[in-house]
Amino acid sequence: MTPHAFKSFTRAYGLNEIALVPSHHTLDPELVDISSTIAGLKLDIPIFASAMDSVVSPKTAGIIGKHGAVGVLNLEGVQTRYENPDEVLEKISSVSREHYVELMQDIYQKNPVKDELVKERIRAIKSQGVKTVVSSTPQSAQRLGKLAVEAGADAFMIQSTVVSTQFKSKTPEKNLNLSQFCKDMPIPVMVGNSTTYDVTLDLMKTGVKAVFIGIGPGAACTTRGVLGIGLPMATAISYAAAARQTHFEMTGEYVSIIADGGIVNSGDICKSLACGADAVMIGSPFAKASEAPGRGFHWGMATPNAVLPRGARIEVGTIGTLQEILVGPSKTDDGSQNLSGAILTAFATLGAANMSEMHQMEVVIAPSLLTEGKIYQKAQRLGMYK
Amino acid sequence: MTPHAFKSFTRAYGLNEIALVPSHHTLDPELVDISSTIAGLKLDIPIFASAMDSVVSPKTAGIIGKHGAVGVLNLEGVQTRYENPDEVLEKISSVSREHYVELMQDIYQKNPVKDELVKERIRAIKSQGVKTVVSSTPQSAQRLGKLAVEAGADAFMIQSTVVSTQFKSKTPEKNLNLSQFCKDMPIPVMVGNSTTYDVTLDLMKTGVKAVFIGIGPGAACTTRGVLGIGLPMATAISYAAAARQTHFEMTGEYVSIIADGGIVNSGDICKSLACGADAVMIGSPFAKASEAPGRGFHWGMATPNAVLPRGARIEVGTIGTLQEILVGPSKTDDGSQNLSGAILTAFATLGAANMSEMHQMEVVIAPSLLTEGKIYQKAQRLGMYK
Amino acid sequence: MTPHAFKSFTRAYGLNEIALVPSHHTLDPELVDISSTIAGLKLDIPIFASAMDSVVSPKTAGIIGKHGAVGVLNLEGVQTRYENPDEVLEKISSVSREHYVELMQDIYQKNPVKDELVKERIRAIKSQGVKTVVSSTPQSAQRLGKLAVEAGADAFMIQSTVVSTQFKSKTPEKNLNLSQFCKDMPIPVMVGNSTTYDVTLDLMKTGVKAVFIGIGPGAACTTRGVLGIGLPMATAISYAAAARQTHFEMTGEYVSIIADGGIVNSGDICKSLACGADAVMIGSPFAKASEAPGRGFHWGMATPNAVLPRGARIEVGTIGTLQEILVGPSKTDDGSQNLSGAILTAFATLGAANMSEMHQMEVVIAPSLLTEGKIYQKAQRLGMYK
Amino acid sequence: MTPHAFKSFTRAYGLNEIALVPSHHTLDPELVDISSTIAGLKLDIPIFASAMDSVVSPKTAGIIGKHGAVGVLNLEGVQTRYENPDEVLEKISSVSREHYVELMQDIYQKNPVKDELVKERIRAIKSQGVKTVVSSTPQSAQRLGKLAVEAGADAFMIQSTVVSTQFKSKTPEKNLNLSQFCKDMPIPVMVGNSTTYDVTLDLMKTGVKAVFIGIGPGAACTTRGVLGIGLPMATAISYAAAARQTHFEMTGEYVSIIADGGIVNSGDICKSLACGADAVMIGSPFAKASEAPGRGFHWGMATPNAVLPRGARIEVGTIGTLQEILVGPSKTDDGSQNLSGAILTAFATLGAANMSEMHQMEVVIAPSLLTEGKIYQKAQRLGMYK
């Protein structure tokens, strides 16, 4: 008897498994345009700062916005639960490792989100003259979406670990009807996170203006370890880019995709864009800024989960100002500073004049930086061949 | 002359090489059923605790059972050789590394298994009102199977490193006739371990109700290093699942498969189920419980082998109670606690309403967690790119 | 609807992922000729020393040249900016890590390249009776090319991270017309770096006599981390070799290719040649010489970039004289000394009588030295299986 | 124009990349025969001890032989150069790292091989009543072969890093005519090392009775690092096995193949046999014996090379007696002791009754032990996911 077919496993690739190959021409940086228009907002630098308490406060949203990127404020974090969030942030960054999860559960469960604070924080960003984007979970989207519009937000993001248009429940009314929500909202709606072609295409059909791509790979996210769920980013972005193209061919509408998770330096940003992303969302690179609310620490927003915490607090240290990180000049050579300069240089070097050309660049699977080149040499210096 | 064909090597995959991809819908956890019926026993949590002295005692079998999983008692370990096993366990966990193998050979060879203790230990589990499952080697199955039935066990497991239905010997009478044994036993018989399609299908034909899958990958098992034998789990489970399907199509009978070995956290459990397992058997995650008989240590049952010891004693430490490990709440974010909560969340996130739907989830081959994401970042923090 | 095609990723290989397989015969070393004629210059040892300040000074160019290899002098480094470069080199090798980038930007921006010093340094090499090769960026090629010819250089190299024949700019006049430049120059022109078939072929059509291959993998280069750009060397060389062959079939002219970057020991040199390179350019192996201007340190030439530094300073230590490194005798067994002896032995062992036969050797993809053999054993010694 | 074809790279596999899969039956160890007849000599244990000074002396050859394996004496090492080799061995194992290569070059160049000592050492082995096998380089084969026959050796081995039947030289008379040599020698001739199908087949046609397979992977060998040459063992053995089969089909003669290099524990031995080897040759596992001449150290025989040393001295420590290593009982669980017991258990577990059946076992490519299972868990314990 012929054996029943075995389950098949497709290979998926992470960002540190790929490299970009120059095209047949190079460009004068003057001819390069790295801007990206996402959900009607033109970003001079195609970067969103993650809606995480260690990354975006009204203050950092202002600085990031002034440099041409966008900081997304989490409307369900400490900023909207506490009059004085700095006091709370101080506690989080100084608590010992063993009391960390407990403290986090405490902080996020004891104090509810307050309508007045929501509006106050949004206005604090808006008043700095920058693009104002805020995020909410699907559960709170109706309430917070309304407040966001009232306070003048420019775009609204709905985010959960894994999102779909088809949430099945005994009480379906508690599920957000995304199509209706998009129709009702006078400002653009963005949604995430998705990883697959099917879900991304479904989400695009609801009327959202951008879809965030990526599950599992984030620096402060332990979803893959705890749940086994994840899709390496290079492959995930390429799936989403195919969905964007299908949707465009069907409807004529270009819905942006934003790579979100596991992007740790400027090289990763460039790779994400070459895989097809219109922009990236990054957390840990900004958590290293001297102005970051995390004070040298970075943590995931799934941590406070009462029964199944899934985010780690990691010490990222402080490497420079937000300005140095975003537009330089860089004092280091590891891709952690002057992110926009690196993107511009990569576009020019590869011969991509704009985001659309960047999406066409050749991508190869390459041995991880961890095993090739420098590491190999380091191993040799350490005498690992003896 | 054409070269003679070279031996061909098929690629097989381990659990830490794969990741699970969300389907096109998500589920309210209320709609998810993670239970699994194995050998007629309904497990609310699809987890068996390994029949290892460092993991299951009558006491831990009771606690594990009350939370909806099943602890399998090894009928040939210290519990049935010693009136006072705690004294012996204390010795094992405190002996120095260099005297460890010697002590183990001593403990298991000097004191035979005693019929009265076998029955006493089984009754001690039974009296706690939980499902009572016990295990034996093939050599002792006739004798211990009889005692297990008399003492009221609910199911009987036969386990050796590698099992087959066709054991060839000069003295074939010393081999267990598995078909006859299954007919004779009034309680369900489970057997292991197998890794291949052929052997799994053969075993299913004997009348066993469940087959344990996995050779080599266990934390306290050195079979692959010593014998070169093993099959990475993701592939092994997918082979066994195909055998289960073939057997089902031929006979209408659904024989369960249980992934056993190398499963170290909740993510691995979820991956095993998505590859096709009906349940998992885990040792080291329970050896970390404060109630574990191993007292912070974990060791393999092949260690006492007089001439070819193949199990290591590893220090696993203590991370929480069995309750915290099984049903939470979790105080950590590494997938070591609230295993059932993680399984439930994974089902809901992936859109699997029950075990059968979980078996259909998409699996991708992904760069190891050791090389992607967090590790990558850690390497960067450690300056490994300098 | 059929999904839009996903972006495809080709696998590319690094030097530490391959190994060379002996042919069906071996050779007496007497019958082996490892010399290579590049741009009209016959190299007895097919090695160029990188045009980096830590590697080539007029003095080391002399020593290297006398042993049959060629040291390329960077005409835009400290040697042509400072009367007394040793003072500056001393500072670079003794500055602390945190002030390093700043110092470098200072050194290279404050003091311009001086025509007189350019000629003086070239003559200092020339006067030692060795082949004199110098390098320049494309921006300075017109000016420095003229000076090089006047001072008697034998060949002129134009080098930037990524070079192409089609540089697009609003001010195209600032771009170097490579074809015209080659026609105008009375000495052979070499150019780099390239990685792809198309660009290499384009460059060969301009009249250059050699193309340097390799982007990203160098020991003191962080291009891949910062920009995401790179192509592993084994694949890059094989692409370039195909372009050389195409060009040869079209024109009858054999334009050499030189593997440049990420070559750390004699094994890597042999692999590069077997992949198709006519010679290699190496930096870090020479930076370890007692005569090296880097004084035990090695750094990339993109470091001084004012806004986006991309080179690291690494401490390589000092292992022996240039003579020991180039022609032995070797006091070590790690492939860092007697590079020419290793090349000769590899040719003889593989059965390659000359460079052209070496290009035909069989190459296999092999598990990295980091994971096989010695490392595996080391891991075992360290008890990593316990 | 179509690009010229790129050089193609075939994937080759190392022993630590594979695992063995049980067949559909298991065997009582009583029914298993692990013996192997090589060059007319029946080995009860299919293991040769490497012809290395740190491994085989007349004394250890005697002990190894009495247990059913064979120790091969190097006729060009310290044993035949010095009346009192123990004095010299003492020096080698106690010299400091920096003076090691120098000392080795001294020891092997100052004192020539002496005819009388050659015969004396051979007789010292012979007198212990064990199989007496000795080795020589091709250069000395005529002279030493004659002496070996006179002194009563049972088989003669010719070994160099890479051997071929077609050695090309200006002075071809200095090359050994292997066919003639085999005809002239009254005892069986064995030769090595080879890695490819073609060379192995060519060698078999000369009349040798066994071919040693393996270049590069040995613990004390740095050929791959220094020369870039090597072929991972699992693939190399499978190539050689195909040559053996082709030769057998052409001539009816079965010429044995022996896997030599990079075999570090009993698991590797079992894998080598399953890939097709008739026996293995191992060095480092025996260098760990308390009786080993290396006194806790192990070194390659290419080290004394005057201009290009290629062997490292590694400290392997001492783990037990030769008896414990060969036939047990084992005090450890890492595959370093009771090698014959492990082979027997593997045969029985896999269902292989003899060497010929062992050659048919299924082999899978599996994630390295370094990345799966225990290591994965170790990484978790070390908090590498934090």
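Residue numbering begins at 1 within each chain, and the chains themselves are lettered A, B, C and D in the order written.
Keep in mind that, in the parts below, a residue touches a chain if its C-beta (ideal position, glycine included) is under 8 Å from a C-beta of that chain, and two chains touch if they have at least 3 such contacts.
Bear in mind the structure is a predicted one, so any value in this text is a computation, not a measurement.
At the far end from chain C, in terms of centres built from Cα atoms, lies B. Rotation angle relating chain A to chain B: 90°, from a CA superposition, given to the nearest 5. Under half of the residue numbers found at the chain A and chain C interface occur in both copies, marking it as a different-residue contact.
Separating the CA-averaged centres of chain A and chain C is a span of 38 Å. Inter-chain centre distance (chain A to chain D, centres taken as mean C-alpha positions): 54 Å. Counting partners per residue, chain D has 13, 222, 225, 235, 265, 312, 314, 334, 369, 374-375, 385-386 as the residues that reach two or more other chains. For chain C in complex with chain A, the touching residues are 1, 3-7, 9-14, 16-17, 101-102, 161-171, 174-175, 194-196, 198-199, 202, 215-219, 222, 224-232, 235, 262, 264-265, 284, 300, 303, 306-312, 314, 316-317, 334, 368-370, 374-375, 378.
Looking at the complex, you find that chain A touches chain C at residues 13, 18-22, 24-28, 30-31, 197, 234-235, 238-239, 241-243, 245-246, 249-250, 265-271, 274-276, 328-335, 338, 341-342, 345-346, 349-351, 353, 362-367, 369, 371-377, 379-381, 384-386.
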